[in-house]
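The structures considered in this document are given below.
Paired with chain B in one complex and with chain C in the other, chain A is shared by the two complexes that follow.
Presenting the complex of A and B:
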């Protein structure tokens, strides 16, 4: 059994697939602490003897729940990360979870809610491996009473062309082996911070919400959003908005009230970095 | 004369940039929005469970004309975001 500590949530992992354990060790090993309770007991197992040897497939389990159909063993490392995301999204009922990346500088957080294909992960990985703190690539975990965002110790999930781009820009980073032909295309995870760096992170105040959209060969365009539009989109990007009920509504309202709200179209990440560092964080 | 107020658990959030209001229904947990006609011309109004509502309040904060405001108001009553406040007659 391996322990994966993401800071807020602890997972115990049992895997039938040896290379998943190796990848998990590379991405999380410095956070491992065998003592203490775990939030989720997860397993990656073969469903049958047949599928162990003929076109092998792997299934993800959290306790007795298996949220996905069995997938080819070549995708096992990605299945682990998706499964961990599912565990958090399906069981967090106290904090507001928004499908969004979170970057922090000088203790000020910007959240980037975005649809797939918007370039969110490429943006997050590049800025996080430069001079920003990555609090999350996948979900903003917001305290409903204070609207502060929590850090999470997770890698960034890169897809398709962004894998080669980030490898070229940050050759020193650790990348998990590429899982080919998943439902999201080719997928790899990049380790963007050490456990030591993570432990220095505190909860951060959200100062801006930026909806990014990658448009090839475009100049940076910045649009100010109305609070109504931003509220509408944020609440639709929240995994557990309906579960939280009125607390979710109040939490989104607090975020909207305290933030500057933008939509950006970009192709040059350095232009985005300048805009965020100089005009948003200030 | 009928008076209306928010149903228990409902919320109304007036966006400070004047873009409209967000409404959380305590009856069915849905959230919906009404766009304002008067962006950047915000009227500061306190909206809470004890406030009483009528169509003219919507006219005032959202810049709607009378028929639009009445339509929205009745829609809110139908969706059970607003409920009628019954006043008991002390002599009865």
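Presenting the complex of A and C:
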């Protein structure tokens, strides 16, 4: 059994697949404090005897139950990360969870809610490995009473071409082996933080919401969003919006009212970095 | 050492939690998450005034669970009202049972309780009109296998689950409290006529009838996975509503419905796990009730131990065996022998197949979801 500490949530992991333990070790080993209780006990197991040998499949279990169908063994490392996301999203109702990346500079946070294929993860990984603090690639975890966003100690999930791009730009970073042909295409995780860096992070005030959209060959285009449009998109991207009810509505409204709201089209990440650093964080 | 008794004691005297180590709390959180009791513990600890002294780790999980439960209670109030109004259009009164009923009457056990569907009871003569009217108004049933369809239509005490096409709410509409195939159908008009109107306008059963139904639902059921939660419901309901009249009514109901053995099991379970003082009237009834040897053995070795929450941290071989016996007994008393054999043959064929091939090998292929 190994412990995975993501800062806010602690997991104990048992894996039938040795490879997954190795990857988890590479991504999280600096946060392995064995003492203290864990929030979720998770397992990766072979579902049936026959399936260990013929077209092997792996199932993710959160304690006694498996929330997804089994997947081919080649995707096991990605299944672990998705499973951890599921645990958080299915049990955290004290904070608002928005499907979004979070980048922070000078204590000011920008959140990037976006659909798959928008280039969100590439943007997060590149900026995070440059001079931004990366609070999350997958979910903005927002305190409902203050609307401050919490940091999370997780890798960034890269898909398809962006794996090679980030590898070329940041050869020094650690990449997990590539999982081929998942539902999201090829997937690899890149470690963007050390535990030491993470522990220096504080909750941050959100100053902007930016909806990114990667458009090949495009110059950087910036659109101001209305509060109404931003509210609609942000609340649709919140995992637990329905459960939080009025508190969720108020939290989203507070973020929207206190933030600058943009939609950007881009192809060059350095242009995006300049815009965010100079014009948004300022 | 955590066991069923300690966990039940924690629910009844939440100050016990103040003595727990963090590792014990971790186990409690895992077990109660599985038994859907986290938010219930939140509320009993809050009422007791000891919640704030719990460790942060525990508070976080209990607090999160209670937010979910609170939202669900809101939804139940809304959905029950919608459902009531829908059936009133065709002059049919629905009585809300179990979880939805507890929430509607706002009894103490409803605070923090979560449920997966809404159970209602209607008169059998109204059933087909009610079902047809609902199906014309955005309620649907899933397409069932021929075997399952037959199970519901010929043997069961409910129609196949009704699902709202927009909100995905699930309603189980019953016409009896127990499957007619068992030959033990209760005189349901007596239950329905004992209804009370709650502040929402929705009807629930009177306290004694409610508890009798909870007893039947628990102790004549084959699935023991939520028994600890169900026994906690019964405990709190009794504490809230008991008086001499209540106990007399409960004993009378157990006789009228012919679920005396289940009532006796319940009293013994309460003696074993809870701190409820069984009144003399029930004690003298228990003293006069003659169990067969098989029944006495079954109660001691299967039914009482099977109240244990279904979690690997607690399931000893003895308890697993008890739960298997309960599973078999639950079917045994529900179905005539020839029907039972066929039922088990069907179910075990699929279970064995899934064990060899993996659970989802024969599932219909689902469309791929790119956002997952």
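Simple rule for what comes next: the second predicted complex is superposed on the first by the 282 of 282 C-alpha atoms of A that agree within 3 Å, B and C clash if a C-alpha of one lies under 4 Å from a C-alpha of the other, contacts with A are read in each partner's own complex, and residues count from 1 in each chain.
The definition used in the following text is that contacts are C-beta pairs under 8 Å (C-beta built on N, C-alpha and C of every residue); 3 or more make two chains touch, one makes a residue touch a chain.
All values reported here derive from a predicted model rather than from experimental measurement.
**Student:** Could you check whether chain B and chain C clash or fit when both are placed on chain A?
**Tutor:** fit
**Student:** With the two structures laid over each other on chain A, which partner does A:194 touch: chain B (first), chain C (second), both, or neither?
**Tutor:** After superposition on chain A, A:194 lies in contact with neither partner.
**Student:** Could you look at A:91 and tell me whether it touches chain B, chain C, both or neither (first, second, both, neither)?
**Tutor:** Only chain C; A:91 stays clear of chain B.
**Student:** Would you check which partner chain A:38 touches, where first means chain B only, second means chain C only, and both and neither mean what they say?
**Tutor:** Touch partner of A:38: chain C, not chain B.
**Student:** Applying the touch criterion given at the start, work out whether A:47 contacts chain B, chain C, both or neither, answering first, second, both or neither.
**Tutor:** After superposition on chain A, A:47 lies in contact with chain C alone.
**Student:** Going by the contact rule set out at the top, does A:70 touch chain B (first), chain C (second), both, or neither?
**Tutor:** In the superposed model, A:70 contacts chain C only, not chain B.
**Student:** If you stack the two complexes on chain A, which partner ends up touching A:245: first (chain B), second (chain C), both, or neither?
**Tutor:** So A:245 meets both chain B and chain C here.
**Student:** Just checking: does A:257 make contact with chain B only, chain C only, both, or neither of them? Give me first, second, both or neither.
**Tutor:** The first partner, chain B, only.
**Student:** Once chain A of both complexes is superposed, is A:146 in touch with chain B (first), chain C (second), both, or neither?
**Tutor:** neither
**Student:** In the three-chain superposition, say which chain, chain B or chain C, touches more residues of chain A.
**Tutor:** Counting contacted residues of chain A, the larger count belongs to C.
**Student:** Can you report the least C-alpha distance between chain B and chain C in the superposed arrangement, rounded to whole Å?
**Tutor:** Shortest inter-chain C-alpha distance (chain B to chain C): 6 Å.
**Student:** Which residues would you name on chain A as touching chain B in one complex and chain C in the other?
**Tutor:** 242, 245
**Student:** State the interface residues of chain C toward chain A in the complex, per the touch definition above.
**Tutor:** Answer in residue numbers: 22-23, 25-26, 29-30, 33-34, 57, 60-61, 63-65, 67-68, 71, 74, 310-312, 354-360, 363, 368-372.
**Student:** Please name which positions on chain A make contact with chain C in the complex.
**Tutor:** Per the stated touch rule, the residues are 36-39, 41, 47-51, 57, 63-64, 69-70, 82, 91-94, 115-116, 183-184, 242-245, 247.
**Student:** Using the touch rule from the top, collect the residues of chain A that touch chain B in their complex.
**Tutor:** Contact set of chain A toward chain B: 226-229, 231-232, 235, 241-242, 245-246, 249-250, 253, 256-257.
**Student:** In their complex, what parts of chain B are in touch with chain A?
**Tutor:** Result: residues 9, 11, 13, 15-17, 19-22, 24, 26, 29, 31, 33, 35-36, 39 of chain B touch chain A.
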